[in-house]
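Take a look at the structures listed below.
Okay, so chain A shows up in both of these, paired with chain B first and chain C after.
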Partner chain A sequence: MAIASPDQSTAKPKRYSLESGLPPVVSKVLFAVLAVFAILLPFLLDPISSLLSVCIISLAYVILALGLNVVVGFAGLLDLGYVAFFAIGAYAVGWLASGFFVDANVHIGVSGFVLNLPGVHMNFLIVLVVAMVLCAIGGILIGLPTLRLRGDYIAIVTLAFGEIIRVFAVNGDQIALPFGDAKLTAGRQGITPVDQVNLPVLGQFTQLDLRPWYWLVLTLVFITLFCVIRLRDSRLGRAWIAIREDEVAAASMGVPLVKTKLYAYGVGAAIGGISGAFQASYLNTVNADQFAFSFSIFVLAMIILGGLGSVWGVVFGAVLLSFINSYLIPDVLRTIPEKFGLEFELTDLGFGIFGFLLLIVMVLRPEGLLPEKRRQIELTEGVGTGESTFEVRA
Partner chain B sequence: MATTEAPPLPAAASARTRKIFAELLSKYGLFAVLLALPVFYGIKDLTTEGNLAPLATNIFQGLSNGSIWALIAVGYTLVYGIIELINFAHGEIFMIGSFVSAGLWGTFGLTLVTGPLGLVFGLLATLLIAMLACGSLAVMIERVAYRPLRGAPKLAPLITAVGFSFILQNVGLLWLGGSPAGVPDLIRAQDTVTTILGIRVQRADILAIVVTIPLVIAMVTFITKSRLGKAMRATAQDPDAARLQGINVDTTISLTFLLGGMLAGAAGLIYALYQTTIWFFQGFQAGLIAFTAAVMGGIGNLKGAVLGGLIIGIIQQISDTRIGSEWTPAIVFSYLVLVMVFRPQGLLGEETREAG
Partner chain C sequence: MSPDTAADPAPPESARPEPALMTVQGVSKVFGGLTAVSDVSFTIPSRSIVSVIGPNGAGKTTFFNMLTGLYRPTVGRITFLGRDVTGTRPDLITKMGVARTFQNIRLFGTMSALENVLVGQHSRMKAGILGSILRTPGVRKEEERVRTVGREILDFVGLPASSFDQLAINLSYGDQRRVEVARALASEPKLLLLDEPTAGMNPNESDRLTELMRKLRDEKELTILLIEHDMKVVMGVSERVTVLDHGMKIAEGDPATVRADPTVVEAYLGKQG
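== the complex of A and B ==
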């Protein structure tokens, strides 16, 4: 919120209350404090500590959740195949920044020892742009068949697409590409290693110092946040929300449904691609087993826990859940089953816990932990259910 | 639909041909797509083998395999018909059905050396208990996860359904571990009973057909003839009007879940006998396949779900044996997408509010 330019904030002060309910000054100060804390956090942690690594992963999840929030939270299109874009983004890195295509010898914007390696090696920034473009195209292609559909049918079609992409990723080592003996993917073996990020100012990234990775992903989070907030407040964003609230009413008010929905799919997918590309570089592998359906649900659980449509809620939900997933469950609470004499790994329970969270949040607090005001009103007063109010008037 | 934008005034004749073409496509496009695989491989068989026996075997085994999907798909279609919800946890109920059955065999002491009489009675008892267990599980899920959200926006119950499906998957994971577990091949599923016209009939095929057909007939009779079935159909058409007529809508919805869960339990038992391996993830895949079947037949339509299940079974069998089972999910889901594009109302379905 604090990023919104001053002239608009004077013109439409009510927008602040829609998101957080806080006065603009308070939310600006709060944002500034949080941002400074986030920027300075690595100095408090050991540069190769696992906690810093958890922070990096959770910021990458924040990007993913923000992207999914555009599709599900803003436009109201339940996308259960979001992992597809994460996969496409990751494969952009696998294809364009690794030795995977051994026969090729392409080097763009890279320096140092990478120049002597076979394969396609491009600078991370180029790969990032390619990943976003590929994902946006993929998002629009997946969105096209769902345009005529509504509600839960969209969920199923996107889920089906996500599974199709996963099957192709897993079995891609059987698909020969028309040049050399290149394959589409490396299947379950994974494409590894991939190039480490090399940026103009920060230099060559390594696994021995995680701080540059942290600042890189934090920068990406800030850019994404800025874009998402500006988009939400733009004409397009209001069109998305109008579609979410009532598709028929939005269409009759002149909102072009096809274009608006495809933009939502495209933008959401492109943001997912950013996170996919970053995580592939950071984890140094592109493995087909990552791209399971449960991954989509994990990201969905983040935005539902935080509050569908609420940008800050989504950020909070993503940080919370990824900390639970990659810190609390494997590190802190790991020994609890043993204390009760139970023989199972707590990590096995991960997705059961997220399923349980989805259930509990939906039943007890469907608007999420930091809800968007509009949706909260809708859920508590039943405005958005449409049919019932319509029938009362008719 | 409102999504189609007005065409930019083309010449009248071309507009008419386009309209006719679009009508033909929406009417027969799906059939053409469905026939593509069998016809392609039929021609291939004719040219290489000189007869259609391999394809016929595929189709027969597809039918028996598809009868399992049909049982699950009926559960989807019943629930969707009555509360317009995709019961995402339904596939997991089927998985629990398999697990319960396998556990019961141990309890009853059914092993490979059990005599035929003991086997028949033991399996019948297993069938009944598995159906009851899965039916009550489905009713419980409805009570906990769907009923509190009946007035909420439509995404809410769908999300709780996904949540519940994850919880059940985790139950399965803790129950039998993370990798597929073998179960005793009680009926010697792969034994050939007879060969008709070059089609090998295995015991598993006979079992699937012998259990499925009576169950589906009983279900259809119950829904069309009995008082409770009439109440179900009335609730599906208009819950408010049904309530005015003195029908207890909540009980009727619970009954629907009970029936769907029971069929899933039966399917779970057949699957365990048929495949002889079970694991916690089988429900996810089966659920999606069966949902595809239900949509293909026309969701909300019982006969459509059975037809869709059989068709999907055939497609799956052809793809398993000819293309490779690792590609089957992609092919089945491509069919799902194609159905959605060409004919969202399905083969036998009416246009619904959601998919029109």
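== the complex of A and C ==
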């Protein structure tokens, strides 16, 4: 009998083959090459070029997509309100790292000119942790009412929750908080400016040099990837996949449905909060209009395009779609309508183009561009568990 | 029938001769206007193999689902190891030591045989979110242990080692049944419920499964509750047979008695003459 050798060497190779179909050595080398390329990329670009900015935004989207993938891809809970966590993460920055609460005078872990500004100013790392905690709590709260639901019904409830958060954000300038004349949000006007990130080694971030921003978000991507992969290959990850495959069987095998689902919501939300906090700092604003329903769909489209459940597919899908969205359409292909003598902005067709892309992928490669092996089997060979009528009390 | 066990939280290793592992008292299940199970009482003695038989639609699987927590009984009381488990969540019942297989195999099709068994061990593991991310020595050790145990269990049920890492959906029907039993065993049960384990098996395969059941009782000291259609299996392996028809218990006793019971014959074949 093969006994598990020390470390995870018996588990890993098979996981890789399940994920990408590549031998483990090849995937490791491939990953190393890509990682080095990603780290060195800013040296090839102008430090304030719009292309570097596009890279930063797409990496922020990668984090979002990885987080949503935990909920939708791993645990199979269709969440259409993911923008809520992006919003909560962003407001963590708006509340704790800006002059928004003018009456307050709190400075933690900051230095330089920020010390003289009114408002609450905390170091980005503290805000990041707060954002994650707030989002995890939010994720669990949003998850609770969906626990008894399945499939489409989860989608509708989460969609509504996403909208609730958006409406709160939009109307937050009318909601007075019990201290001073502070309001909940700044509504459509936005909380701006917010503190620029200031980190020990990288120093004070500015809009004049985008490289530190890039490395920061890349680090966050690596950390998220690490956590997500570790979780996927753990007891919890197996429980998520088991629930996705067959809830009744999973419960009968001792997987507590409520706890396991709430973990998925919480982890997914916390990851979304990381991205929200980063983007708020980077874009220097927390504006209620950022948190539209279409944002949730955009992130969902990324993970479906890349391959639901597949970590690398999701990374690929997120990079691809955000490049199309923020670079290809507004920059490269912008002049196409003009050339045909047509008078419209190509950016107006953004969602039409995404829809078209998704449609093509769904017809030609329904499991996504870099599918998770499991999902591929499910779609091509059909793993029918059928409808169950068990009244599993979740 | 010994309903008094409820008050007595006897540990499993109780030295009494044949303590009831599970007792069921007057359990019914009503779906809308349909009474699927009606006032069934039942005990499962420790370290025995008992069977529930009955024609199609007799309520056997519904009965099973109440024992494992998938259904809450409309009325009645179920105790396991002296504790009331009526309507307890399925995962908690599993944790207490009841495991089951399903009539229509419900493996996690896109997980490997070994991974299926690892899910079965879920309730016996501790790794949490942070531990899993950091892969602490404890988590590492636990993961190693469950993989070793998982392979041992798969080996025990007779799955060839070459199939351990095959996806469950790619396994043969007989092997899938075996993996389902292995997955149930992985939760370290005291009571194993098998819902028509030989359905769709050829005589050779069901003989091997019968053998496995005996092995489980004798080597692993398990108690087995069996729902079965194959009379050869039931009569060969059971110490006691309970017959359900239209949700009611119509007969109970050792295999030979039950087989000779005219009400049982009537339930299966209709009234004679």
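Note that the second predicted complex is superposed on the first by the 373 of 394 C-alpha atoms of A that agree within 3 Å, B and C clash if a C-alpha of one lies under 4 Å from a C-alpha of the other, contacts with A are read in each partner's own complex, and residues count from 1 in each chain.
Following the convention adopted for this analysis, contacts are C-beta pairs under 8 Å (C-beta built on N, C-alpha and C of every residue); 3 or more make two chains touch, one makes a residue touch a chain.
On a predicted model such as this, the values are computed, not experimentally measured, just so you know.
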item	value
Chain B versus chain C as contact partner of A:235, first or second or both or neither	second
Touching partner for A:37 - first (chain B), second (chain C), both, neither	neither
Partner chain(s) touched by A:304 [first = chain B, second = chain C, both, neither]	first
Chain B versus chain C as contact partner of A:148, first or second or both or neither	first
Which of chain B and chain C A:249 touches, first, second, both or neither	second
First, second, both or neither for A:78, with chain B first and chain C second	first
Chain B versus chain C as contact partner of A:374, first or second or both or neither	second
Partner chain in contact with A:362 - chain B first, chain C second, else both or neither	first
Residues on chain A lying within both footprints (that of chain B and that of chain C)	248, 251-252, 256-257, 378, 385
Touching residues (chain side chain B, partner chain A) in the complex	1-3, 5, 85-86, 144-145, 148-149, 151-160, 162-167, 169-171, 173-174, 178, 284, 288, 291-292, 295, 324, 326-327, 329-330, 333-334, 336-337, 340-341, 344, 354-355
Of chain C, residues touching chain A in the complex	65, 68-72, 89-92, 94-95, 99-100, 102, 104, 106-112, 115, 118-120, 122-125, 127-129, 132-135, 139-140, 142-144, 147-148, 151-152, 155, 161, 165, 167, 169, 183-184, 187
Contact footprint of chain C on chain A as seen in their complex	1-4, 6-8, 10-11, 14, 18, 226-227, 230-231, 234-239, 241-242, 245-246, 248-257, 263, 267, 373-375, 377-378, 381, 383, 385-386, 390-393
Chain A - residues contacting chain B, complex	72, 76, 78, 80, 145-153, 155-157, 159-161, 163-164, 167-168, 170-171, 247-248, 251-252, 256-258, 293-294, 297, 300-301, 304, 344, 348-349, 351-352, 354-359, 362-363, 366, 378-379, 382, 384-385, 388
